[in-house]
């Protein structure tokens, strides 16, 4: 299975938040660790058929990458805008 | 076998030195530890057919009981004269 | 401790591991020692829940070696002690088991077989027959019951303690992952209510009185300085083993009298054989089955008797001929052909057996 | 490393343990791992003296479990590695051995049997036959050579490495405390000088290149999630085992052609059988002996062939029927009566055998 | 009613397959039947297909597993693939109609293969959480091994304390059971 | 000379039994004979009776141990008791004449039982330390398995470096060997 | 714009999603390890051994040669490998049951012998794979399948202090630390130092990682973190216990 | 005048002379133990377990119920006994090979669980019974049968620091000490305290005794003492490492 299939990216002010549902197991660890609490459940489903996550629209995501780091499944990629492209 | 058979006692100034050849293995540990170096090889044989030990005659044995304590085989009994009888 | 864990008898529907825990409780076991391994874990889970309520004890050890040796310690000091394991744990526990044989320690071991060799599966097999009957550097001075149903699992758990303490050989209940994990109905009971008296335990070490003053000390060694001494010891063990043999051996022979083909199996596979035989009989095929209940001591004479008239034996086991070796050792001299149906590590259905028999008969 | 440890061949007079160390050296073994246990200690003593002089390595581990698993580690990474043990150590080493079976690790194990069960004696027995051929929670996917003389001890130590690396089953040299400790003459040699080529070793893990880039990574697991998967794996092992069987099985049949009574034995007992047979023949008794050299795989067909004409078999072993079980498993269907002469834990002299045969013949 | 009914129920970790099986055999046991239930289990605590093998009968039951089931219920694509082996000529093979990409993996004739919209019904009409109760209802009906009332008793026994607190829950569960049965009635 | 000679040599830990046996079989091996030597061993590092089983032959040798020896040499009371089992009708059973309290333990006829004053000779005429060489000489003579000269060669090989430093030692050893042989000559 | 998966280079993508439960700390420890391997550029030299326990689920995790061993036996297997081929970098990856219970003789003796290997031990306070029995590291009062009424320290002792024990038995040249998946960069750095210690050949290296097991803890994300960060750290002190002297 | 043999009361005279070699320290450790048992008057409650190793020779040493076990397994046997019958006083007597090598998982886990038993470990720096192989406690440079060219610490590590390791893993209530047969009264007192700890039930108790093995050291009496007192003490510090708090 292509790990990138169904991935979705949400553009925030400072960073792009990309989620790979083939990897997300919906554990919620990222959510708890986000310092600005902008991660929420998505209605997209992850690999176990449980909800995946997303950042809230118009999010205050700072691009700190903590969620990326703490995801045990490497399901999140944060791309800070400076770097992106 | 009677453990006391063939035992011999040597009277010193301060103490009686009793050796039980059925127990003495001739290791020599006692000899080395005697602070006044009065233990020597005997021509009596110990349990392994090797020489047992004795105190020198007219010995300066102090009755300190160190030899008794360090004998791994409990082959020596020191009886200080005050106590004896 | 006062109240009996089971009053009279009671119909229940539970997993085999739970059955074992209840069986041990009913048998008035005092303490379980153990190390986790699938598929026997729930014996420990249930026991550790039940134990404190009935004044019983539990110790989780650092490995199976320790589980075996602590069980020996408990037994030697007079407790009705047991442990349970499986697969690689059973392999490791051979070290203490061999000591239990030498000292004739009446410890009880519950084995829930899983797939092998090595880690393999946590599920099921009958691949621990050789290991459980003859493991270790010795001659297999053990008693091994192989069960087929939850009712038997309960009955033989109780019986194992009595056999062990009566005959003083380490005693095993050999089941498997299926039996461990499945649920089916059975009747659990207070042994006394069924007229079963628990053989009293006696401490080997730690009796009353000052050793050397009131009584001689108990000094246990299993180490011999000469071959001749050891030979006497082993001959003594062998003689004791042979003496209890006829009393302890058990088997089940079903429809063997007039059978042309006899299915030979043990443990949970017996269930398939049972169904197969009844279906084959319905189809007019003269089939029967013979099943050792004690794999050690093996029911040699009953087996010879039972198969006398058969034209063929079908050996069915979830292993590569482990039961077959025990059988051939027992009935050597017989010329009845043996057809193997070896399925190492995998379950065997009645359909498969029926099919096989039909292919052989025609 | 350049210089060969043995140039050409050389007559020597040494203990069996020393022979094994020289055999391993001649076989270009790279490393020995081991834990002390009598009567195999001197293998380690000699090896640890010789090894550094020839660029070889030695590691004393914390126990036999570790000795077995480090040996597996060394072998898997491509070293010609071996270990040695006995008795309770052999029991403990079943855990790594069962893993070696599953992964087909060509590790070499030298077993010097001592008395059993449990600690028993440090001297001698043939009571580790079941353990060495079928120990662990599996089906005995191993190759086991049973030696009788120092010459064989040397020959088969070398051969064990080649068999292991060619067929990739863990391979055992099964000797005993007598062979370990006794001195007798033999010829040691450089295998090459005898035209024996050492099968090259290959690493399973740690080959050249970046895994996943230059080559796929090697990922070893022996754990299966379903019975069906395991069944396929074990069937595969069984098939591979059966395939190498005819090539590897070895036996010795002496004076069997016209023998009325055939002594069946293995290992050091063969020496007594040999003397007994020649004495019995001198006395006009038609005796012979059959001896499996490979206890696993058992020389089934050669044995059936060899005993065909015999009126009686005399099973002679320093154990309570451990070889007998292997034999009966192999020749089931035969009706030749088997007379047991079981002497667990003790040596057997030619006189005893002669006497027994005479009592049977008359 | 068949003398012995063999059921294989399979799904993903979260789908509640084992609890459906548990209630089913409990109900049977409570009705005085012989019942045998064995979960399959591998080494992973989560992940992997979860299968429950159940047998219900009036007589003593044979081996815990079987070659061919009377009824297979597969609730995910992987479950369909894993369970094809249990389908024989006499088998009814049920799967949830929402599963996609399994067309080639479904067993062919003579197996009776039926898709039922259990997930959809649960989601749309009831509540996603009672999906497994819908399945339970379907299973009961398909096997005919018990009446719905008998199963309701078992549900009551297991969840009664929750029902007390929230009687609507009872309604929901009963409804789910009935809808499950209806789904089968419609296709069989 | 017998085709196969079986010897059991037994004594206490310190009496040098195993080194006598070692020299004996070394000498035989060097002479191109088949030789087999097995020490007995228990778990104690010291203590217990030490026995050496030796066999020397012109042909391949059978089992390492044997039922009955051609010659048994017992150097202590415990050794006498332990070794009685190896004495058969054909056996010559030698023991040191200084051992006391064993009268009832010595094997009876037809075993040929002979006490030799080896310890006394060593002590009085030579040196207590060569007691075991006296025994070696006696063994050689009793078995006839080799000549004294052959054994001297073996001694030379083993102790030559010491003999070089102290030629008297050589004399002493040779003497001990010969006296041992004589002792046997006197009783046989 | 295409965004790539942010995954250590040495992770094997073909086997992802991996087999660990949702929220399992094993994934995080293996991430830290993966990053350390990437940074040190040693993927071609590493031989990875995993234990029985949930660590077995990592047998196909990396693009690195890997052998799954037996419960508690990864340390000797990797030791055997390293002794035979000192140019390889051996990593023994195990659980707290495998390391502190059944395999503790191997751990302490590898430490005592100063084996040049790296042992990484995942402390999740339970026997994860077998369904949540008490581990040597189970916290006082904590309920598990075999301490159903809460771990009673008067009966079964305090949680095992693994790195402290290892530190007590190792000598100069060794590296011993306790990290946590709650501080992943620190954990990665500890693992890196451990591997550097092995590469330098000064001695044994050992990292215990405090980790999560939501499945057997029965915790949601919030409680998972708080058990790890608030409860476990009461008994297990995060930090370095032994560092090879710079000047050796 | 008749002089009596000066032997601990609980020694069994019928089995004396004992089976240890001349000058063997086992006799001295067992003397210290015998005196401690006498002083505490617990002969009727003690269950003594001895290991395989020369300690097995003590199986009939005392007028005390005794079980010889397997190599390294005395700790679990005594643990099993104590768990089943807490009123007994369990003593596990073993060598350094039995305790620090093959049985180390039992030792550290008994310590971690705070088993109420007393373990006495005889450190003689070698495997005595099997004829003098290297032990975990063999000194650097020391020649043994398996370190024939002297123990190379860069290859096999430093001598195991047993009591230090045990101390690191035990908590309050435990008693841990290292004594020596060179200071017999001190050793006796340590053993006594260990037994008192068990009787008080506060925790695990452990005494390592530095001991002699003239047979495998090939030393005469003088060298035996000096190896024990001058060489061994360079690596093994005699003293108490952990003592139960008075006020508990």
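So that you can tell them apart, the chains are marked A, B, C, D, E, F, G and H in the order they are listed, and the count of residues begins at 1 in each.
Note that in this section a residue touches a chain if its C-beta (ideal position, glycine included) is under 8 Å from a C-beta of that chain, and two chains touch if they have at least 3 such contacts.
Keep in mind it's a predicted model, so treat the numbers as computed, not measured.
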item	value
Distance in touch steps, counted as few as possible, from subunit E out to subunit F	2
Which of D-E and C-E has more C-beta pairs touching across its chains	C-E
Greatest separation from subunit C - chain, by CA centre	B
Cα-centroid distance, subunit A relative to subunit D, in whole angstrom	59
Geometric centre distance via CA averages, subunit H-subunit B, whole Å	27
CA centroid of subunit F to CA centroid of subunit G, Å	62
Geometric centre distance via CA averages, subunit G-subunit C, whole Å	38
Junction residues of subunit H - those touching two or more other chains	21-22, 52, 56, 68, 70, 101-102, 104-105, 109, 129, 131, 136, 156
Where subunit F touches two or more other chains, by residue	40, 42-44, 46-47
Junction residues of subunit C - those touching two or more other chains	38, 62-63, 88, 95, 99, 118-119, 121, 123, 222-226, 228, 347
Touching pairs among all chains present in the structure	A-E, A-G, B-F, B-H, C-D, C-E, C-F, C-G, C-H, D-E, D-F, D-G, D-H, E-G, F-H, G-H
Touching residues (chain side subunit D, partner subunit H) in the complex	35-38, 41, 44-45, 48-49, 52, 58, 60, 62-64, 88, 118-119
Complex interface listing, subunit E residues touching subunit G	43-47
Complex contact set, residues of subunit G against subunit E	19, 21-22, 54, 56-57, 128-129, 131, 215-216
Complex interface listing, subunit D residues touching subunit G	30-31, 33, 57, 59, 61-63, 65-66, 69-79, 81, 95-96, 99, 103, 203, 205-207, 209-213, 217-223
Residues of subunit H that touch subunit B when the two form their complex	1, 3-8, 11, 13, 16-18, 20-28, 31, 181, 184-185, 212, 214, 220-222, 224-225
